[in-house]
Amino acid sequence: MFSRSVLAKAFAPPLEQVARPSLTATSTTFRACLHQSTTTTSATNPPTEPLSATVRAQSSIPAVQPTFQTSTTPVTRADVPADKQPIAPAFTTPLKVSQSLLSTLPQLTSQKPHYITAHLHDRPYLLTEGDDLRLPFLMPNVAPGDVLRFNRASLLGSRDFTLKGSPYLDERLFECRVRVLGVDSEPLRVKEKTKRRRRHVQQITSKHRYTLLRVMEVKAKSVEELQREGAIVEEEAKA
Amino acid sequence: MPVQGIRSVTSARNGVGAFILQCKRLDFHYCDWAGSSRGMVSFLKHQLNAFAKQNPQIEIRVSPRPHKHPVIKGHYINGREKAVCVRNLEPEQIFQKVNLLKQNSGEKNKRTKKPVTSINDSVRGIWSPYHGGLKSV
Amino acid sequence: MKRLQLQRWSSSALSSRVRTGSRLHRQIYYSGARFQSTTSNSLQFEDDQSLAGQQPTPPSTNSPFPQFTKHQLPSPPIQAARESAKLAALHARLYLPSRLPLETLARCLVDTSADPNFQFNNNSLSVLGHDLLTNYASEHLVCTYPRLPLTVIFAAMYAYAGPKTLHAMSREWGVEHAAVPGGEVDPGLLQFKRVAPGTNLKEARPLVGTTRPNEDQTTWRKSITSSVVYDNVFGDPELAAPPPAELSDNVYPTNDGINSEPPVTAEVASANFVRAVVGAIYLHAGRQAAKRFFEQHFLSRQLDISKMFNFSQPARDLARLCARENYEAPVAKIISETGRRSRSPVFVVGVFSGRDKLGEGAGASLVEARSRAAVAALKGWYLYSPLEVRVPSAMEEDGAAPWKPVYVDLGEVIV
Amino acid sequence: MATSIAVSKRPILGLPFLLPCCEPVTLQLRRAQSTYRRTKQRLRIKPDASFGSSTDSTQAHIIYNPPSSAPSAYHTPLKFLPPNDVRRTLRTDTSSSSLNIDALPSVFKSVPEKKYHLTREDVEEIRKLRASDPLVWSRWKLAQRFNCSPLFIAQACEASPQKKEIQRQVLEAVQSRWGAKRRMAREDRELRKESWGRDE
C-alpha cells in the first residue's frame, strides 16, 4: 500500500552526516525507500532495467554502517539495522506516458499548491502539504519520525488541472511523503449490551489507537524529471 | 502609505521539516518494598538503559515513591502530562506502556470523525454561486 | 567562492571559558537572593536526586584560581553541562550535530540578563544567529515574492524570524525556564532574570538612542524607504550599537558585584536562545548545517502572505500601477449580481485592463465590490512568484549550478 | 411535547404562530426516504460534468476543470506576468476568457471624460475667488462656474482656516444630534470600510 523511506536526503539525519566527518563516506548512499513487506522485491539484486526512479535505485545496496551501530548519542533514525533497510521498488518496465499527458503536464506543475487523493487500504484521503492525517487504524511497524511514501493515488490536481488515473496513477508520476508523528487514541467507548430476559447490562469497552501522520510533500513530477528518470513517450494508439 | 503590512506569526507544522518528538520527559516512580513494583524494578534494572539509549530525546527520571504503586508519567511539549499506573505488570507490559507514552502526542484524547485536518487554504477554493458556469438570463 | 575563515573571527565567541580570578572575585558580592534560589527550584531538586553527579566538585588545591561553589556563580559552571539530562535530551530532540558540544548548548541557554559576562552568556551567538536568520529569511522572501512591498516584507520577516515566532518555537522545542538564574540551576533550563509581575511593558516610552537622526521629532514623516537604512529588519526603530572600543572594554561589568542588566521577558530571552542555537550551529557545524536547520525549522512553518496586506486606497493604487506599467487604465465592470433591490445584495465586480481581467471581488455594494476587486488585482501583482526559485545562498554549496539572475521588480507602487 | 399533542387536535392552519415550529419537522420528513437505500441513492451526487467520466480513458490523463470559486490571490493574472515567464505561453491556450467583456455593464453609470480645459490663469482665478470669500465660493460653486469637478478645486486650492473651523463646527452641530444608534452605525460602517482593504 505504501512505501516507507526511513531516510530521505533532505531531512534531519543529514545534519548527522555533517556532524560526523568520518562517516560521510559511508552515509552518502541514501537509504531512501522501503516497500512494505507486501511487495516481494529483493534488496540484494538491483534491477538492471532503466529505472524511472534512479535516485531511489541507489538505495538498493544495503548500506554498510557498522559505525552507526556503535554510536551513542544522539541516536537518530539513521540507526536502522541492515535487515530493516529500505528496499527500492523494482519496476520491470519503464514508465510510459502519453504524448497528450506530456504536453499538458507543465500546466499542472506550474500551478503551485497541489492536492492529492492518496489511497491507503482503498480509502481515499484528500491531502495537501502540511496536513494532519489521522489514519483510522494503527499502522504496524512504524515509529515516530519515520517517513513514508504514499504510492497509490487516483487524483493529483492543482486549481485548474487534475491528473486522473485509471483508476490509479503510476507511482512514478508523483511524490507524496508523510511523516509518522505518533500514536493517538480515542476516549474510552462503553457500549451497553443487553440480552432479553436477563437482568444484566453488559458493558463492552473499547479504546482504539490511531497513527498520526503529517504530509511533508505533495509534488507532481515535471516533464524534465520524468525524462531524466527514463520515461518513455508513448504515441496515442487511438488518436 | 499605500499598503501596510499586518504582522502575524507563522504556525508550526511539526514534521514537515524537522520532527520533534512530543514526549519530553518520562518519570518512573517505584517502591523498593512493595510487591506491585516487582516488574517495575526489574524493568528499571534491565531494560531502562537500552530504552534511554534508543531515545536520547526523552529526559528520564527515576525516583522512589515508597508505599505507593509504581507509576510512569509522561510529560509532553504542550505542557500536559499523562500518567500510567503499572502495578503488578510484567517488564514486557511495562515496556509497552512506556512505548505508548513515548509515541503519544500529549493531546487530550478526542474522538474525531474526519481523518484529515488542514490549515492550508483549499486548493480549488470554496464554492460560490457567482463563479464558474454562469447562466445568462 | 572563498570560504570564510571561521576560526579567525569566531575566536571570541568560542573562547575557552576560563573564569579569571578577578571576575570571580566580584561574584562574592552577589546578593543573598541567589543563595536562596534553590528553594524556588523545587523541580531541580528532584532532578538532582536522579542524577548522581550533581554534587559540587571538591575544591582542588593545585588550581591557581580560588574555587567557588556553584551558588556563587551567576550561571551554571561548564562542567555541569555534561551532567544535565535535560540538556542532552534537548540536544537530541533538535537533532543537533554532534560537533556542537553540550557546553555550547548550555551557553546558548544563558541570557545576558542572567550572566552579564559576554564570555558566558549567549549574546555573541545570538547576534550571529539573528543575522543568519534574517539573511536567510529575507533572501527567501525576496526571491520567492520579488514584488512584495517593503511593509509586507517587514511583516513577513517578523513572522518568520520575529521574537514572537522564536518564542513559540522554543516552546515547541520543549525548553523550560528556570525560575531564577544561578550557578546551581540545571543548565538545561533557560536562564534569564524575569521581569517582575505587574510591570507595565506596554507603556510607550519613546526609544532614545536609535540610529535614526532627528529621532526627537515625533511629528516628522517617517518614510518606509528610510526605515531600510535606519530601522531593523522588522521595520522597528533600532538602538544604536555602542562604539566598538566600548564593547571590548565592557567584557566585564564595571559596577562591582551587582548584576546591572535589566530583567527581560520570557519572549525576549527565548528568542535570544533560538538565535543563539542557530549561531552555534553555524560556528560548530558550518554554513550548510545552519542553512538546513533554518529550512527545516523556520521555512517549514506555515505563513499565508496574502493575508498580510492592508490597503487604504486600492483603486487609486491600481490606477497608478497600470499607468506605471503602461497598461490600459483599469475599468470596473459588473460580472454578476443578485438582489440589487433587496436587503442583502451581492455584486461581483471585475477590474479589467483592456481585455484582461486583473481581479475580481464580491461585495454588498458596488463600491465595496470594486474596492475588493482592486485589492485582489493588487495582490495578484504583488504576490507574483517565479517558477523555479533559487536563493543566492544556494551558490555556497559545492558543485552548484551556475547562477542565473533572479527576477527583480521595479518596486512597489508609489502614490 | 405534551402541549403539542394537545394542540394538534385543533386545526393547525388556524393557528399561524405555531407553523414555524412545525416547519423543520416537515422539511425533515420530505428529505427522508422510506428506506435507507433510497436515501443513500438520492444523496449520491454524480461528479461534475467538467470532471469527466472515469471510464473514457485507459491511461492517466490531465483534464482542465476550473473550479467555481473566487479566484486565488496567488495566481497572478496573465497581464501581470513578466514577459519571459513560462506561464504566459502555457496559459493562453487554455484560459481564453469566456466572458464577453464589452457586454458587461460598467459599475458607474457614466464615466465623465476628462477635458483638461482650464489654464494657469483659471487656476489663479479659482484661488483668488476662494480666498476672497470662502463662504460664497464653495467648492461646488467654483466647480460649476469653471465647469470642472469639485475634486479638481480641492486639488487646486485649500480653504482658509476660518472656513475649516466653520465647517468643523457645522459638522459637530450635526453630529451632536445623533443618538447612540446612529453613531454606532456610522462607526461600524467606517470599520467595515477599512476591512475591505484587508480583504476580510
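Going by the order they are written in, the chains are A, B, C and D; count residues from 1 in each one.
In the analysis below, a residue touches a chain if its C-beta (ideal position, glycine included) is under 8 Å from a C-beta of that chain, and two chains touch if they have at least 3 such contacts.
All figures in this text were calculated on a predicted structure; none of them were measured in a lab.
*Asks:* Taking each chain's centre as the mean of its CA atoms, which one is farthest from the centre of chain A?
*Replies:* So the farthest one, by centre of C-alpha atoms, is D.
*Asks:* Averaged over CA atoms, how far is the centre of chain A from the centre of chain B? Could you give it in whole Å?
*Replies:* 23
*Asks:* If you average the CA atoms of chain C and of chain D, how many Å lie between those two points?
*Replies:* The computed centroid separation for chain C versus chain D comes out at 39 Å.
*Asks:* Between chain A and chain D, tell me the centre distance in angstrom, where each centre is the average of that chain's C-alpha atoms.
*Replies:* Roughly 45 Å separates the two chain centres.
*Asks:* Any idea how many Å lie between the Cα centroids of chain A and chain C?
*Replies:* Here the centre of chain C sits 34 Å away from the centre of chain A.
*Asks:* Which positions in chain B touch two or more other chains at once?
*Replies:* Residues 6, 13-14, 16, 18, 21, 56-57, 119-121, 124-125, 128, 130-131 of chain B touch two or more partner chains.
*Asks:* Using the touch definition from the top, which residues of chain A touch two or more other chains?
*Replies:* Residues 11-12, 73-75, 110, 112-113, 130, 159.
*Asks:* Quick one: which residues in chain C touch 2 or more of the other chains?
*Replies:* Each of 88, 91-92, 95, 293, 296, 302, 307, 309-313, 335, 362, 385, 387 in chain C touches at least two other chains.
*Asks:* Using the contact definition from the top, classify how the chains connect: line, ring, star, complete or other.
*Replies:* complete
*Asks:* Which residues of chain C touch chain A in their complex?
*Replies:* Going by the criterion above, the answer is residues 88, 91-92, 95-100, 285-286, 288-289, 292-293, 296, 302, 385, 387.
*Asks:* What residues of chain B sit close enough to touch chain A in their complex?
*Replies:* The touching residues are 13-16, 18-19, 21-22, 53-57, 100, 102-105, 107, 109-112, 115-121, 123-125.
*Asks:* Quick one: in the complex, what on chain C touches chain B?
*Replies:* 46-47, 49-50, 85-86, 88-89, 91-95, 149, 151-156, 158-160, 162, 164-165, 168-169, 171-174, 188, 224, 235, 293, 295-304, 307-313, 316-317, 335-336, 338, 346, 348, 362, 378, 382, 412-415
*Asks:* Across the complex, what residues on chain D touch chain C?
*Replies:* Those in contact with chain C are residues 70-71, 73-82, 85-87, 97, 99, 101, 104-108, 193, 196-199.
*Asks:* Touching residues of chain A toward chain C in the complex: what are they?
*Replies:* Touching chain C from chain A are residues 11-16, 18-20, 73-76, 110, 112, 130.
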